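Chain nomenclature is as follows: A, B, C and D, assigned in order of appearance, with residue numbering initiated at 1 for each chain independently.
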Amino acid sequence: MPKIKLAEKTVELIREICAQFNNQETELINVLHQVQHKLGYLPAEVQEVIAKELNASVAKVYGVVTFYSFFTMLPQGQHPISICMGTACYVRGAEKVLTEFKRQLGIEVGQTSADGKFSLSCLRCVGACGLAPVVLVGEKVYGRVSPQQVSKIIAEYQDGCASAQSA
Amino acid sequence: MTAYNTHILVCGGTGCKASESELIKLNFKNQLAELGLDDDVQVIHTGCFGFCEKGPIVKIQPDNTFYVTVRPEDTKEIIEEHLIKGRKVERLLYKNPKTQEQVTESKNMDFYKKQVRVALRNCGFINPENIEEYIGNDGYSALGKCLEEYSPEETIQVIKDSGLRGRGGGGFPTGLKWEITRKVQADQKYVVCNADEGDPGAFMDRSILEGDPHSVIEAMAICGYCIGASKGLVYIRAEYPLAIQRLKTALAQAREYGLLGENVLGSGFGFEIEIRYGAGAFVCGEETALIHSMEGKRGEPTFKPPFPSESGYMGKPTNVNNVETFANIPPIINKGAAWFSSIGTEKSKGTKVFALAGKINNVGLIEVPMGTTLREVIYDIGGGIKDGKKFKAVQTGGPSGGCLTTAFLDTPIDYDNLLAAGSMMGSGGMIVMDEDDCMVSIAKFYLEFTLDESCGKCTPCRIGNKRLHEILVKITEGKGTREDIDKLRMLSQVIKDTSLCGLGQTSPNPVLSTLDNFLHEYEAHVDSKKCPAGQCKALMQYVIDDEKCTGCTLCFRNCPVGAISGEKRSPHYIDQTLCIKCGVCFEKCKFDAIKIV
Amino acid sequence: MTKIKSLADLKKLKDEVQSKIKLREKGDHPENLIQIKVSMATCGIASGAKDTMNFLIEELDHQGIDAVVTQTGCMGYCYAEPTIELLIPGQEPVIYGYVDKVKAREIIDKHIKLNEMVDGIIPVTYKKIDE
Amino acid sequence: MEMINLTIDNKPIVVKKGTTILDAASSIGIDIPTLCHMKLHDMNIENKPGGCRVCVVEVKGRRNLAPACCTEATEGMEINSHSLRAVNARRTVVELILSDHPADCLVCAKSGNCDLQDLAQHLGIREIHYQGSQSHYREDTSPAIIREMDKCILCRRCEMMCNEVQTVGVLSTINRGFHSVVSPAFEMNLDHSTCTYCGQCVAVCPTGALTEVDHTGAVIRALSDPTKTVVVQTAPAVRAALGEEFGMEPGTLVTGKMAAALRRLGFDYVFDTDFAADLTIMEEGTELLGRLNKYLAGDKQVKLPILTSCCPAWVKFFEHQFPELKDIPSTARSPQQMFGAIAKTYFADKMNIKRDDLVVVSIMPCVAKKYESGRDEFAVNGNPDVDYALTTRELAHLINLGNIDFKSLPNEEFDNPLGESTGAGVIFGTTGGVIEAAVRTAYEVQTGKALKRLDFEELRGMEGLRKATIDFDGTLIHIGIAHGLGNARKLLEEIKAGHSEFHAIEIMSCPGGCIGGGGQPYHHGDVEILKKRQRAIYAEDKNKVLRKSHENPYILKLYEEFLGEPLSEKAHHLLHTQYFDRS
């Protein structure tokens, strides 16, 4: 992993978040949520700052980050795409939808497209089983997605890109 | 302003549509037009009446007459007799199976309504972001009643008498849990609401928190009063942003109205609730893992005892209940233990919310009394199987549960019956599968889930489930042997017997229950290398039917690996050694010429 | 809002809220209003309930129809999202499924304005606890 | 005390409430196999994750099997420790572990000393029925410890040691499910982490996942190089444990046999680190008295308490975790390093050996000593004062390679001049020993009076934190003792907060001190072994004619001929060091 240097501003932000939770080690997960919300991901350097602020070992912080699937150490695409792999979605063909996304984006689960626009992940049941199969792009929920709809969904987010290129 | 005097409501549910309800509607329309009544009588389609076994259903408004098993040829009689002469068509009325009496009015037809909404009583009725609507519907009166009229012991007794059992899956008696926590001496205790709904296919907790967050807040306060806790924590999935937002709003309103905080309703009792977020770990539904997660640690379970009621959050006595359990508390207090225990079966009282999903027409959230049969749930409430396919199995209990076959359709649903049938209640996901679902693949799917979600602490769950999954992969790839089937069984038994927590102890259930109920499917994969459902890619082939192929070249042009060859306007051919079984040709072919064998 | 200080206070507030609801439901009172509840749980929103709700608010306002549109939780009919409940004073409440903008307009034009029911009603298939 | 009646394998038994099935069974001679469980009695160290599931037993009326290590006995319990169901489950569990474990026992450093191997033998496993993919991790080599995590069985003992006992916090379980493994943060190498190389993870690892870096090959090459003069020093704790490697009763002193063995291995001079320990007392004791007297004279600038500095893991610990306190420990080098410095100057000069031709090997109960010998400040022009530091276990390995029948060796003496030591040097090997040795000398130097009794029982013991007050002829000296870095941390926090009551503190990283070092023969969780080693150390002290460092004639000679006096410029140069902020 390439070493990155955190901007002073970022370090300050992390410190503030830790302080909000009284620098309590027991609040580690809340802190990680907040920091990831602000920064998008939790690179090693960020975890080191958090560990220091909460007076916890970096190994512990890393152990927690790698335990929970919600936390990520890699920057996500501009539009993170998550395919629900809950049972309802599975029996209604989520796998085919996933395969189609992989094919069209040319990336595997856990990867980000070369242009940084899309990242692909699977998640477990978002509780919208009535709409199975379900796909999330950012926080937007798409229901009853068929493999045929995949290109349309991707296109929705590529418009900006296309116009930017033509401009 | 009324244009129509009368409405004819024709059920447009999928089941009824299959039995020609479209034609019934059309007949009504045409015949009314012929009689020139189409300005007075309007015919409309409705959604499912939830009484599919007696479909198609026709209801006449405004006199609420309810006709069952209506045939397209009956429309004339209904118009002539009922609408014109005002006489009900008796032979089409529903007969009460007990009394054999004909039921004319639908308001006397309530017994066909299989659902009773207790936990969901306010969902879809009140505005969840307006506390006054909750209060207007008896909200917080149970808390008030407890604080003013009942001692903690008396309140616990009501809960115990009601027979309420934990709705998170285990089914532990709620009142007893409260009593145990109450009896432990400590300077601080905690009430925890487990809202880490993780079972794939279950979304009742989300719905309750989104639709009726105050009922959970009220119940937690009651629990706090009973066990002697002044602090509550809701552990909620971070994947539920709307539920979180509604809960936050509700908490703020409850504080504003003095229903949380110090000295609630002038009783001297104080209670506060904080939110803690899950971070994507299914195992955190297990209460010890949940507590560790709330303490900022890896969500690994620890051996019980000590139970959280003795040593839980921060080492203090902690009572953990799930969302649905809490949502049942206020009506129990308000309407009494006797009322609640009158619903359900001998050992499982009250109702259970199920999330119906999968290959079923009326996907949705339902709440039925304990003891309702699977058949009632699937066919009456759920409207039967999608696209007229054959029912194969219903999976209950999520990754900890099992697949139940037609043989269990008439089994009354309660904790003990499901357990005896090789499944479990779980949190209430019910996923319906049809003939197209391969049960070996389903078992593999659940194992994959467990593998992903296992915390890795104990050997049987960490390595055993990996090996189970590997064997299942082998079988679905057509490389399995009879010995592998035996290994699945033996290893499953050891994993159940030796795992540390509930996740591991129940993880082989999907394998065992499919082995028990669908052994022939395993055998087909192993012996004849065939997947009866046509799901397992390695065991199927796409072939082109020479008779049907027109040589349009569409498949040839779409095949991503160039496995298809053939001259234009003559039958094409798929080279099986190149085919990756992506299914594109199958989807593209306009002539049904591509078959799966 | 001042804090509710006792069970009696709570009961008073409950009675106030309930009498408001009754007035609305009875329908013979000048205050009566048409009420529409839009099921706004995750499933509903994902299926476009927000658009439906916004459309209803704008359209009813535009047409000068006296109505309140509120959100509510999941009604349980996930297969038919977005779902709405229409309460016209003096009448039984009616639930409609698959309410997109087109359907919403039809409901306003026919059911609300002309009292003609339209296709897509979902019959209530459950009992409430006070029934 | 509430008592519980139960039966195990049909034998009735009464135990105290709170007793686990495992302990109850063991009290009547039923040994239920375990793997992850480890309990060091009286030390408050217990690893009980209940994770391996090897100890499962059948309890009548219970739905599933119960792990004996964490299930408490209850009234009327009927336990079958070896029912078909329990044995089958136990075997399957071990097979599962083996299915995710490299089958390279033949070449594994831990072979013959591996709990997993023993268990597989014990259960008679001859076939692994469930085969499948195995986990693979990058091998991590540091100056002292090798991590081969393919062999990790997730017993979590190392994690418990590193976090709870040592509070070093380098190791944590990471990832989850099949991918979980114990690792430093970001899967970084140990040498990039704040690891102190205390080696307690190695000491408790049941398999070959954590082992020491092996220097035996290099030592053999040096021994067979005719141009080199190879000298060896042996640390005090080695003699109390080495015998165990040859099947001797724990606590057997093998000082003489060890010297004989080393001589047979071809070491040119067999010396004793105890000599350097005496030297350490001269330097550290003088430093202590210097600071103390200034303090007693009212100097508020002087920093007290003074902390011992002979443990390299401890030194690295405070450099990482308490850099602001780096002025407090004594500047005296550890005995190993003092020995090296003296050997490559005084001794080399005396014998007319060029520095480059003199190889200093040390035998240590420790893996951190490997790291310490490689620290830059302990080398001259790239030539280290100590070339190779072997563990007790590595020495045993060398002896085996040399076809030496250890048990039948005669007792031999160390060589002179660096082989002579006093009892004070010997007790460096146990917790409390360094400070007791220092007190013996400091008292006599300070008061000018001879001590009437030399055994300071108040400084001895196995408790993690101890304190004692010694009357220096009217001046009360408060002494603190900590072993285990977690205990040390408590004392450091007090110092940091400015309310430490002590004048001097002895700190040892390993529980028990060097007798429990990470390089010692594996104790396999049996704390009695540590106690026996401790008793052996004190017995050796008692048998010595000279028991005070300042009475060691060769030490006095060293000062006379070479160093001048304690804390002289030369002594500073050769025997003292500085510490670095590594935070």
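A few comments on the model shown:
Quick note on the criterion: a contact is a pair of C-beta atoms (placed from the backbone, for glycine too) under 8 Å apart; a residue touches a chain by one contact, two chains touch by 3 or more.
Bear in mind that the values here come from a model prediction, so they are computed numbers and not experimental data.
Taking the mean of all protein C-alpha atoms as the reference point, the chain centroid lying nearest to it belongs to A.
Here the spacing of subunit B and subunit D, counted between their Cα centres, is 57 Å.
Separation between the centroids of subunit A and subunit B, computed from CA atoms only, is 27 Å. Computed from the mean C-alpha positions, the centre of subunit B lies at a distance of 25 Å from the centre of subunit C.
Centres computed as Cα averages put subunit A at a distance of 45 Å from subunit D. Counting partner chains per residue, subunit B shows two or more touched chains at residues 203, 206-207, 240, 281, 298, 363-364, 452-453, 455.
In subunit C, the positions touching at least two other chains are 42-43, 45, 78-79. Residue numbers of subunit D whose C-beta contacts span two or more other chains: 173, 175-176. Listed by label, the pairs of touching chains are A-B, A-C, A-D, B-C, B-D. Put simply, subunit A touches subunit C in their complex at residues 126-131, 134, 140-143.
Contact residues of subunit B toward subunit C in the complex are 1-4, 7, 9, 11-12, 42, 44-50, 59, 61, 110, 113-118, 120-130, 132-133, 135-136, 138-141, 144-145, 147-148, 203, 206-208, 210-212, 240, 242-243, 256-259, 265-266, 331, 335, 361-367, 381. Here subunit A touches subunit D in the complex through residues 1, 44, 47-48, 51, 56-63, 66-67, going by the rule given at the top.
By the touch criterion given at the top, residues 281, 298, 300, 302-303, 305, 451-460, 462-464, 466-467, 470, 487, 490-491, 494, 496-500, 505 of subunit B touch subunit D in their complex. Across the complex, subunit B is touched by residues 1, 3-7, 9-11, 13-14, 17-18, 20-21, 37, 39-43, 45, 70-80, 85, 97, 113-129, 131 of subunit C.
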